[in-house]
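Read through the structure below, which is laid out as structure tokens, and then see the notes.
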Amino acid sequence: MWTWFYKLASPPAVFRTAGRLAPWFLGAAALAIAYGTVDGLAFAPPDYQQGDAFRIVYVHAPSAWLSLFAYVSMALAGGIALVWRIKVGHAVAAAAAPIGASFTVLALVTGSLWGRPMWGTYWAWDPRLTSELILLFLYAGVMSLRGAFEEAARGDRAAALLAVVGVVNVPIIHYSVQWWNSLHQGATVAKIGKPAMAPSMLWPLLAMLLGFMLFYGGVLCMRLRGEVLSRERQAAWVRELMQARSER
Amino acid sequence: MSRVGAFAALRLVVVRELKLAFRRPDQLLQPLVFFLMVTTLFPLGLNLRLSLLREIGPGVLWVAALLASMLSLDALFRNDAEDGTLEQLALSGHGLTVIVVAKTLAHWLVSGAALVLVSPLVATALAIPVEAFPVMAASLTLGSLALSWLGAIGAGLTVGAKRGNVLLSLIVLPLAMPLLIFGAAAIDRVIGGGDASGPLYLLAALCTFATTLAPFAAAAALRITLE
Amino acid sequence: MSATFWAMGGYARFVWPCFGLAALVFAWNLWSARRHYAAARLKVERALAMSASEGA
């Protein structure tokens, strides 16, 4: 029953599928982000409290969401690779980490730029931003652990286990930071991202969210190709592929 | 070869670890001295503004305890992994998990529990009132035990790594941040005359959670790096 | 595109850098993925050339 899965997860199949999917993901991402940016910046009405500064939400919220999504997908891929010994899972995890980390940085910087007009300071130890910072540390740990071994396979598995441990900890960190923040600060901190949003503001946000996810899919495919290629450089199919390409 | 039960094996390994630890008292004392030293740095850096020191005391105490625990963590599995003892223990038929539990408990006794014992000294220097000592001891006990479990995962993951020590802190400290939050908050609350049971219960919950899951994760980590 | 649009209600110096940085992160991701792939390809080609020269 699972043979189709193993066939799908074989390195040459993944290499080919990723190559085929990447342009579609990136094209769709370009459309969604173009719509979201134009509608969000030019047509959505300004927030009645935050004015035009709220437009930062259109890059901040999707990047924060993506940073978490990329981490969970990295842990999932690593966990699958650990349990069922599917090597491609490690390649996916290795490809996801730098993308996720880059969006974590983006979420932190945009959150801080948003904080300046809202809180009067670039960094207010807001619980969400603090969790985001800890998430960046988790990414750093996973990425450096992967490179810390003589044998690449060992680093892969160690990084996968750490990512899984980290994913168990992410909600604990999130709630403990929230609890911690409720001790120290009252309602002075302006809330970022309100639950109830006018549809004219919400549509561009959803488009941006979708666009960021599609971009992640596209870049993940691109990175995954490189990752699979360098991991499989001794394999026969890679040699055949390269020879076929150079003859053309 | 006599068959020993899992608990007997656990006790044997703990006793062995403790004997080994007390044979090298300098390694036992160094983290404690480091703990004292870090807490000395703060009053010096704050130019003796004692009121300020009183306010940040619990945080300083906890950060110093965290950093001091990081120091001894690297040795948790490294020596035994390098001379092959760990593989022998793993082959003893009791499974790596039992070995991990035994080694971590022994490590906690000589590092975490020792920190708890020294903490009144440090707390006095940081102007933490005596009435807060029971809560402080409880928070440090629960926190350091949970930290030892997290540390066991980290030490297991980095035992075969090229440059383990800094990497170990990089891995474990983010995971330990909730412990710091609740641990310092418990002391903070009791100093402020409040009720410290909330953060202590949360700390106990985290400690229980770590105690149930971390041994398996740490054993899996060791298996990855030893294989 | 009027001046009021670019002014962003006085928040221009916070809003525009955010979108600029987002563009930067997107560009970095694309560039780095391409470079990653090119580096992997170079490695494979080198290995191929090595084995070809050994075989000859």
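Here the chain labels run A, B and C in written order, and each chain numbers its own residues starting at 1.
Just so we're on the same page, a contact is a pair of C-beta atoms (placed from the backbone, for glycine too) under 8 Å apart; a residue touches a chain by one contact, two chains touch by 3 or more.
Bear in mind the structure is a predicted one, so any value in this text is a computation, not a measurement.
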{"item": "Contact-richer chain pair [A-C vs A-B]", "value": "A-C"}
{"item": "Most central chain, judged by mean C-alpha position against the global CA mean", "value": "A"}
{"item": "Intercentroid distance (Cα basis), subunit C paired with subunit B, Å", "value": "42"}
{"item": "Chain centre separation in whole Å, for subunit C relative to subunit A (CA means)", "value": "15"}
{"item": "Intercentroid distance (Cα basis), subunit B paired with subunit A, Å", "value": "32"}
{"item": "Subunit A-touching residues of subunit C, taken from the complex the two chains share", "value": "5, 8-11, 14-15, 17-19, 21-22, 25-26, 28-30, 32-34, 36-41, 43-45, 47-48"}
{"item": "Residues of subunit A that touch subunit B when the two form their complex", "value": "82, 134, 137-138, 140-141, 144-145, 148-150, 154, 157-158, 161-162, 164-166, 168-169, 172-173, 176-177, 179-180, 183"}
{"item": "Subunit A to subunit C touching residues, read off their complex", "value": "37, 41-42, 46, 51-53, 55-56, 59-60, 63, 98-99, 102-103, 105-106, 109-110, 113-114, 116-117, 215, 219, 222-223, 225-227, 229-230, 233-234, 238-239, 242-243"}
{"item": "Touching residues (chain side subunit B, partner subunit A) in the complex", "value": "153, 157-158, 160-164, 167, 170-171, 173-175, 177-178, 181-182, 185, 202, 206, 213, 217, 220-221, 224-225, 227"}
